[in-house]
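For clarity, chains are labelled A, B, C and D in written order, and residue numbers in each chain start from 1.
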Amino acid sequence: MPRVFTAEIAGNAFLPEKDPVSAEMLSQNAQFKLLTLKPLSEITAPEPGQFYMIQAGTANDPLLKRPFSVYGLQHDCLGFLYRIRGKGTLSLSQLREGDTLQVVGPLGNSYPVPSGDFIAVAGGIGIASLLPFMNKYKKRAYLFYGAMKRDELVMLEEARELSKEAFFTTDDGSYGQKDLITDALRSFLSASQIAHQALRIYACGPAPMLKALSVITNAGGIVCYASLEEHMACGIGACLGCMVKVKIQKPEDRDKNKEWEYKRVCKEGPIFSLEDIKW
Amino acid sequence: MPRVFTAEIAGNAFLPEKDPVSAEMLSQNAQFKLLTLKPLSEITAPEPGQFYMIQAGTANDPLLKRPFSVYGLQHDCLGFLYRIRGKGTLSLSQLREGDTLQVVGPLGNSYPVPSGDFIAVAGGIGIASLLPFMNKYKKRAYLFYGAMKRDELVMLEEARELSKEAFFTTDDGSYGQKDLITDALRSFLSASQIAHQALRIYACGPAPMLKALSVITNAGGIVCYASLEEHMACGIGACLGCMVKVKIQKPEDRDKNKEWEYKRVCKEGPIFSLEDIKW
Amino acid sequence: MVNLSVTIGPLKLKNPVMTASGTFGYGEEYAEYIDLNRLGAIVVKGLSITPRDGNPTPRVVETPAGMLNAIGLQNIGVRSFIREKLPFLRQFDTPVIANFFGDTVDEYVRAAVELSSAEGVHALEMNISCPNKQEGWIVFGTNPTAMAEVVGEVRKATNLPLIVKLTPNVADIGCMAKVAQDAGADALSVINTITGMVIDIRKRKPVLANNTGGLSGPAIRPIAVRMVWETCKAVGIPVIGMGGIMNARDAMEFLIAGARSVAVGTANFVDPVAAIAVIDGIEAFLAEEGIPDINNIIGSLKLNGL
Amino acid sequence: MVNLSVTIGPLKLKNPVMTASGTFGYGEEYAEYIDLNRLGAIVVKGLSITPRDGNPTPRVVETPAGMLNAIGLQNIGVRSFIREKLPFLRQFDTPVIANFFGDTVDEYVRAAVELSSAEGVHALEMNISCPNKQEGWIVFGTNPTAMAEVVGEVRKATNLPLIVKLTPNVADIGCMAKVAQDAGADALSVINTITGMVIDIRKRKPVLANNTGGLSGPAIRPIAVRMVWETCKAVGIPVIGMGGIMNARDAMEFLIAGARSVAVGTANFVDPVAAIAVIDGIEAFLAEEGIPDINNIIGSLKLNGL
């Protein structure tokens, strides 16, 4: 059950101790931030993949709450890992310990339970929603984590730690392979000795990455659960702002000559089977 | 010369050491606040009675800067004493050391130099603009300082310290005399042995207080300099939002059958001769 | 105890706070967060005789103290609404107002007829901010003749209280209000969203896939309050005020300006419990001011300098 | 180096950034803060043939991301302006655009005639958001006939470039734009403020002494951008875009939508150096995007789905 609650900004409970580089990235006034929220009333525990709508301003600007995947739950505190993008995230980053804000959640569906090992594909800040999932199923993920450059691979050691095997790419080659993450995945799938058809893929990242991924998974017949993003006004299914085109599977609906229907990312998602998405 | 500059919120340099009650009032999360701003570029030193326009929000809401009289200048820092009224002052009060904001000033005219002892009449937060003036001319003021109740007489000891003689009133009698400050002044003027006709009055407070005061000063032929308030958009004379009706004194202008003209509180004021104001 | 109940023509509401169409889904979306029994009325998402897919995304974008939306009137259609959504809403002791629209006069009439015979629909709210696709895309709500016709035809087709929702994209809202009143409206909703555009300056494209969208939220509140005041001066029928109401103070502005009730819109997105906070806040305000009945303050605006 | 210069009919500007009338005084108020030589043009406070006192106070009130003003067109009159303010402005290498208005067609014409013969006035901007007091208070700018008449008469009375400033309080701004163009306007300013009201709920009175006022600031920007886009589609003459421009990004929205230049208004109150920051920011943006000439980006908007 999602709740509307007030939370207090608490001392950072999620700083990655094992990863001094990420810890420094996060503590400096850089583009990535960890937010630790202490709910002031009882909450429902979230599942990996779910998200919260978080108040981002004090007056009417920024007006709307912003959606963030839950990064962790520790000592009764909710953790979020985010990247400063625009005025909402900037305004969030300027809050201090003890400030309070209104939060709604947990919202949306969560990543389906994996049956054995799995592949995780993270593009940039997409890692935020995959890490708690990998943390729940430790050492079972073949992780593919790509970003523009080294500086944008946040929580790198944490990610490596939780993976069975981890592959990194950057666009400029400043860390890992100089490649797109989807290309690295393609090589892995074709070269590897693992019966990868049986491996499910869990993915979170920008739309172009997910589109490229869908080409791979559709061709290989691989099941892929992807967390999607859309502009959201409400996050709770009321505004119909966050729609995604989903293919209609039921034959009785296909009658109507309609190949797809709109689903709400915030309610029926954010996690969808990638093969169902009509791009 | 007024300037546009960025200032950093600094550790409080203006807390009244001699007045533990006020210090506590100000340090607690109460309605009165001291703001210490460290300008990040060279500024012009203000005169008592002048004011600054201070940014009150980070995004577009609150949009406009807010006017505040300068309370002090110490160690290159500007001090402001303010009362939380609405969203601008609330938002200001939530800023922390190290935050920066944009400031314009010093603006407007200042209190004329007194010729000897003088009377100061402060209503509520009006004390903020009179204290630096009394500080400049120490122990020369007969201070009349009134508020609703004890809790709203901020900087009380500081005020007493700087005065030759100090009279306090509260509406509920919780401190000083239970009276209106203008009534206390009237009693003083009629009872006192001092040649009070020679005393100039310097006043700052709410409009009803100034109106009552003008009845006294007009009747007694006493010169009174009053700092006025009006809603301000720009503070620099451009919007024509902050007008006050001022009697026309020049005979050539009176020809036109006009008894008054509009003056800008922010530019020709905020300090006016009370007898000139057409209420 | 303060009396909060008001009447909108034949409709008696336990308090003057409704939800604005399109910002409260079909009601059920909010049942997890608030007690729907507490609301003055529930106004559901705009319905058409046939279902609509709506516009491509992005459909929403934030603006200073507001948002633009171009949902494109996505809805499940009148029949699915009656079959799938109304039974849930009938459980509550709160009147349901069905907002509806059409592309032609005939579509309006057909939607009105079907909604009028459904059990549990207590009033109709006509969204007339749509173009008449049969008549060269003239927007019903900005053209007095088109508006008189469509309102008049719907009036003949229903016995339910008929609320006409005016568009603010006009020069003289009082004049349009009179047209709606004369054509048979029992009440007016004021205002719908104001057309706006946000441009992505790097892509040189409008952010919304639909290019333009409707502006709502606190940004438009001063315009909405003025229009409600003008409408209340122009007509005798009850007015439902809306546009940027975030809290009880904002709602009081509309009531004082003359609105008989108010609708909370965008605020529901910002805070799912906003409508309840508005109700509680209005009650607290009246108690504080010593006003025993909300009706005493409705239209109590005293103009300056008169 | 990026070319920033644009032309508004016969007027050549070194950059597309003007100041909006009524937000920049008579220019001198800002000379302490910025170098007036850097501006594309200075548009002064609205002038009338006889001086005006304006409205009682409060004249301004803040709203979410905006402000309402009811200054009441206080000004020193055309003659005092020419005698007392123009000599100062003539020192600068920046065109001066005189904004003016009247209560009757005759007052408009007389103001235009006097301003046209003054040395140092480079163009006229007509504020037509005023009621015609001779003709039953019809607002010139919302009535096509009244507008055509007043613009036509002023056109005959001046050889200076004539800019007509449109009011947003209309249903179809493109249609009003065409009327102004046909009546002889050389350029259009879009938009003036939108009428609004804020109520003090304790006093049950409008906050502004004038009851209503004009809404400006970022709150109205999406509406302004949409109206500028609609105006540019409707007419061939240059459009000057304004409404809520706070920074270069905002200004770029208007230029991309088709405005040949922009005016910074309320932002001058918020930050006296805002107009200069807009100029610098536009230059930086063009450099970053590798666009050598501002004219290449004006009207570059690509609509979605077309």
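To be clear about the criterion, contacts are C-beta pairs under 8 Å (C-beta built on N, C-alpha and C of every residue); 3 or more make two chains touch, one makes a residue touch a chain.
Note that the coordinates shown come from a computational prediction; the quantities given were computed from them, not determined experimentally.
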item: Fewest touching-chain hops separating chain C from chain D; value: 1
item: Path length in the contact graph (chain A to chain B, fewest steps); value: 1
item: Farthest chain relative to chain D (centres taken as mean CA coordinates); value: A
item: Euclidean distance of C-alpha centroids - chain A vs chain C, Å; value: 36
item: Chain centre separation (chain B, chain C; CA means) in Å; value: 46
item: Residues within chain A bordering two or more other chains; value: 59-62
item: Touching two or more other chains - residues of chain C; value: 64-66, 217-219
item: Chain contact topology (line, ring, star, complete or other); value: complete
item: Touch list for chain C against partner chain B, complex; value: 64-65, 218
item: Complex contacts: residues of chain D adjacent to chain B; value: 22-25, 29-30, 32-33, 45, 53-54, 57-62, 64-67, 69, 71, 74, 217-219, 246, 266, 268-273
item: Residue ranges of chain D in contact with chain C within the complex; value: 56, 63-66, 68, 142, 169-172, 194-199, 201-206, 208-212, 215, 217-223, 225-226, 229, 244, 249, 252-253, 256-257, 285, 289, 297, 300-305
item: Chain B residues touching chain C - in the complex, by the definition given at the top; value: 59-61
item: Chain A residues touching chain B - in the complex, by the definition given at the top; value: 57-62, 87, 91, 94, 96, 99
